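Chain naming follows the written order as A, B, C, D and E, and within any one chain the residues start at number 1.
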Amino acid sequence: MNQSTWDLFLSSLGPIILGAVTGTIPLALVSFTVGLALALVVALMRLSRRRWLSGVARVYISIVRGTPLLVQLFVIFYGLPSLGVLIDPWPSAVIAFSVNVGGYAAEVIRAAILSVPKGQWEAAYMIGMSHRRALTRIILPQAARVSVPPLSNTFISLVKDTSLASLILVTELFRQAQQVAAFSQEFMLLYLEAALVYWAICLVLSSVQGVLETRLDRYVAH
Amino acid sequence: MNQSTWDLFLSSLGPIILGAVTGTIPLALVSFTVGLALALVVALMRLSRRRWLSGVARVYISIVRGTPLLVQLFVIFYGLPSLGVLIDPWPSAVIAFSVNVGGYAAEVIRAAILSVPKGQWEAAYMIGMSHRRALTRIILPQAARVSVPPLSNTFISLVKDTSLASLILVTELFRQAQQVAAFSQEFMLLYLEAALVYWAICLVLSSVQGVLETRLDRYVAH
Amino acid sequence: STGGSGQGTTAAAGGDTSLSSVQKAGTLTVGTEGTYRPFSFHGEGSGPLTGFDVEVAQAVAAKLGVKAKFEETQWDGIFAGLEAGRFDVIANQVSITPERTAKYEFSTPYTYSSGVIVVKSDNTSITSFATLAGKTSAQSLTSNWNTLATESGANVQAVEGWAQSVALVEQGRVDATVNDRLTYLDYKKQTGAAGLKVAATTEDQSESAFAFAKGSTKLAGAVDKALAELTSDGTLATISDKYFGADVSQ
Amino acid sequence: MSPTDLPTDAATAGAPAPAPLLTVRGLRKSFGTNQVLESIDLTVGRGQVLALIGPSGSGKTTILRCLNGLEVADGGAITIGGEVTIDFGRVPAPSRRDLAALRDRSAMVFQHYNLFPHKTVLENVLEGPVVVQRRPRAEVTAEALALLDRVGLGDKIDAHPFELSGGQQQRVGIVRALALRPQLLLFDEPTSSLDPELVGDVLRLIKELAVEGWTMVIVTHELEFAREVATEVAFVDAGTIVEHGDPKQLLRNPTQERTRQFLHRLLFPF
Amino acid sequence: MSPTDLPTDAATAGAPAPAPLLTVRGLRKSFGTNQVLESIDLTVGRGQVLALIGPSGSGKTTILRCLNGLEVADGGAITIGGEVTIDFGRVPAPSRRDLAALRDRSAMVFQHYNLFPHKTVLENVLEGPVVVQRRPRAEVTAEALALLDRVGLGDKIDAHPFELSGGQQQRVGIVRALALRPQLLLFDEPTSSLDPELVGDVLRLIKELAVEGWTMVIVTHELEFAREVATEVAFVDAGTIVEHGDPKQLLRNPTQERTRQFLHRLLFPF
């Protein structure tokens, strides 16, 4: 790397990290939180004995996972206005990413719930719990541990997917890199630099995942 | 939908499906096959007791999963030539997607191998098998069943990710849609149409997954 | 962005509120890429948005008595954004083509430029648009230069933008790329464009203008009037000179 | 805590001709086309102990699950405590509330303990009385501590289940059931998942509960234990009660050939 | 097939003073800081049956695993068949080949059967002889069918393990071990995962094998069975062999207090 490349690398690190801090990270965090709540609802619908409820959940999951995120973003931001629904960039992005996370994480949560041994449901019923209380006090806490690794994968994917938000006017990490690249014509360098920052974020996430797993592990059989 | 929109929809269905058949599907199939082989190697490295081997595998997985696929594609196609390595679009795409699948599927395979009860290893050793033979004849066939659902998720993601191949001159489904869109200026319609075709492919894949699971289930305890 | 006029394509000639709503809001919302040097980009990469189109749009807004507000998006979303009412106008070197004229309103052109074929300096086989036939050319799908290359018989390889096109020519993976002369000149000014040359230049000029949603005729008319004033008071020439050292607005 | 503490039981515990606490009439249950229970009739007096024995798959667990409302029978009726009869034959089928009524009156101890792994021993015990029954936490805690102390786990109240041996886990399972103050205790092979040397601790505890006057239904393969602790033994095969009677009598001289064969297999395995 | 078919055993089977088939000297094994085996000495003559009894966690399974080369001991030596001695104390440590030599001479039957779920019953049995030992498929198949027939599974050869009851699975496990033509059979609590009525089938089969002259080491909690089938019983506690001797003698009148306590807990659980 020669001097001017190096200078460009250093001078663009600021804006890229700024994009991560003001765009990528809050967008991912908010969307993940909202998406997780949605996913829980969808997972429970999918597990419901009522045919139509689980049918709706199935179709939702299938569409979310079967179509490109780019198109989902496009529809919400550019498509809905033709139905008279005009949503600002940030809320649009949060909606699109949450809907997406909702579909992927729903399957994770469903699998985690199913992985809790049937005997746990029975013990909960036996002591007089209702279905809802058994779910919230007995089943979900145990499902939580099982779903940490796949959910953190979902989160890592989400962090990278937020780069698509630049399409709908949200400025984030990758957009910043593109701007510098457009100015300096050094797209390779800038893209690598962006990758490096994504990687750093993911490494931090992985170590958080590790801590979370150890903490939850304390309460679970070995 | 008015008549002219409908006409455009119909007339563009041909090129889009052609793009799927000549681009998306073969690219996904080849990359998945190669990637799976790679993933098996990486998973075994990751499980190896030799520190440096599992270290290399860890770093590989971490980079692949922590950086955007777009950048991986760019590095291989636009970046490597500066090191004197010039690879054609199709091989570049296959390499990039295989490397990517290799990283994601390695974790799936590793988890599946670990999920086979230890007693299966012991029984295999007991009848005199070597580590390698125990792995191939006893452990992997059982791990296969467990990994079908997560691997088909990887495959579905891959199908959608192949749209990025258009960035490195490979013509596939999404590129065809973009081409028509650029000509007709009907981005919304064409993107939705592309999404529809992706969805159709994913629905087919899901049903193949179902068949595969039932078939493999026959040989596994309930 | 709530600054958009919001009437989209629905505005009938009688109910055209395109101009009044801009005036009421006091802002002209402009869609642009922000990554298209030297027309629409960020100074020093991360500085404020600038460029030829950006400055022209600002000057036009000033003439209309409103402020220009820029929304940056990728080319893929730019026309969708216009149709969805996300912005009032696109300022991004939109070339006037028959397909686009059918779907959008255009202002009078504010950029006249020619197309150039850029090849490696040692390339002797391409000397004119006629000799482009059968050669591979890297083109951004959405630009009218793509059409020109195709019509010349080139085997077009689609890429995302100018930077990738040039990289492909430099790496010898394609024979040529056809693009705006202005883009090439800016690239040459910045990087020296070592190892590249212009093999040919078009006879015809291409015309770029502001694009509006269908039916926004009042706004388009007001912008036309503003452009005429900017031409006559020399503002356009000044801006052009700043970026290109020549007047490209005529 | 012993069942004599409970007002409903106080009068009858140890009485010579106890009123039936549990009555089951014509209980039927199928899973799909598989008729698992044909027509089960049972009566258990207050303070009595019924042992259910029988081959694997004969329906013993299903009987217990019906009694605890974990399974909805297809027909027949269950009465616990003389007050409420749940009739599974009637239309409409028993509601959730009906099943809950069954559950309120009985408590079950599972073969695989089924403790809540994410809760401590004490939390496992308190969950039912405090969270579900809404009894005062302080009162229930005192009671739970006394019970845990009694079964030798006074020093394990803050441990998690995975830190305990199987025998210890099962004793927590029993305390969890007792803390619900049920009228009827149900045990489903409570020692069959245990290491042989740990079986004794649990059997001794159950025996003590029997002596104290708890009414119990116990599925077990421990014939010696059944003989000593049960007041009645019923042999279940293929979803019917083939015969029942006095343990000492039935286990020595069964009247039915099927019972004889089963007992022989268990007593002289090789 | 019976062990007398094997050339190495033919001369000695049933002889009055059998030469030792298995000799273990000073076997030691730790997991981390946990010393699981202290210094185990064992001798098993050809055609003899050694029963290992002892509390949970005492190291019984670990002994078997060392004998089968599934675990590498930290010290001591194992000799099977008089020919090869694997010395775990020496430097360098025993190679894979050494462990394989142990494995070739012995075969193990597991507590949880550990059948290969993706293979049929017949394939489970053939896997070792055909795939590993490379014996002719036709010959091995004939032998396997005869063995499966004998244990009453002649009609299940194409079934998969999950279609079988526990007792049937364990019998397949025993046939799988026999088909390897080992000199020594190792059983790790072969009936403790079984339904009580299915225990008999397996115990009877093992008893038959003992009568036929197979040399065996059996970890078991079935004291009655040990008394009748074993030629010697060893009581293991905390990684040492506390005492060993004639089953009838030791199980009735143990000399050590620890043995006495253990037996008492098993025999009089409540």
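Worth a mention:
Note that a residue touches a chain if its C-beta (ideal position, glycine included) is under 8 Å from a C-beta of that chain, and two chains touch if they have at least 3 such contacts.
Composition by chain, UniProt nomenclature: A, B = Amino acid ABC transporter permease; D, E = Amino acid ABC transporter ATP-binding protein.
Fair warning: this is a prediction, and the values are worked out from it, not measured in the lab.
Listing every chain that touches subunit A and subunit E alike gives B, D.
The chains that touch both subunit A and subunit C are B. The chain pair with more C-beta contacts between its two chains, of B-E and B-C, is B-E. Per-chain CA centroids place subunit B at a distance of 38 Å from subunit C. Distance from the subunit C centre to the subunit D centre is 81 Å, each centre being the mean of its Cα atoms. Centre to centre, using the average C-alpha position, subunit A and subunit B are separated by 20 Å. Each chain gets one centre point, the mean of its Cα atoms, and the points for subunit B and subunit D are 52 Å apart. Residue numbers of subunit A whose C-beta contacts span two or more other chains: 74, 78-79, 82, 187-188.
Along subunit C, residues 76-77, 80, 83, 164, 167 each make contact with two or more other chains. Under the contact rule stated at the top, the pairs of chains that touch are A-B, A-C, A-D, B-C, B-E, D-E.
If you check the complex, the residues on subunit A that touch subunit B are 62-63, 65-72, 74-75, 78-79, 82, 107, 153, 156, 160, 163, 174, 187-188, 191-192, 194-196, 198-199, 201-203, 206. Contact residues of subunit C toward subunit B in the complex are 76-77, 79-80, 83, 99-100, 103-104, 138, 141-142, 146, 157-160, 164, 167-168, 171-173.
Listed in rising order, the residues of subunit B touching subunit C in the complex are 78, 81, 86, 166-167, 169, 171, 175, 178-179, 182-185, 187-188.
On the side of subunit D, the complex with subunit A involves touching residues 65, 68-70, 100, 103-104, 107-108, 110, 112, 114-119, 127-128, 131-133, 160-162, 176-177, 180.
Those residues of subunit D that touch subunit E in the complex are listed here as 55-56, 165, 192, 195-200, 203-204, 207, 221-222, 225, 228, 262, 265-266, 268-270.
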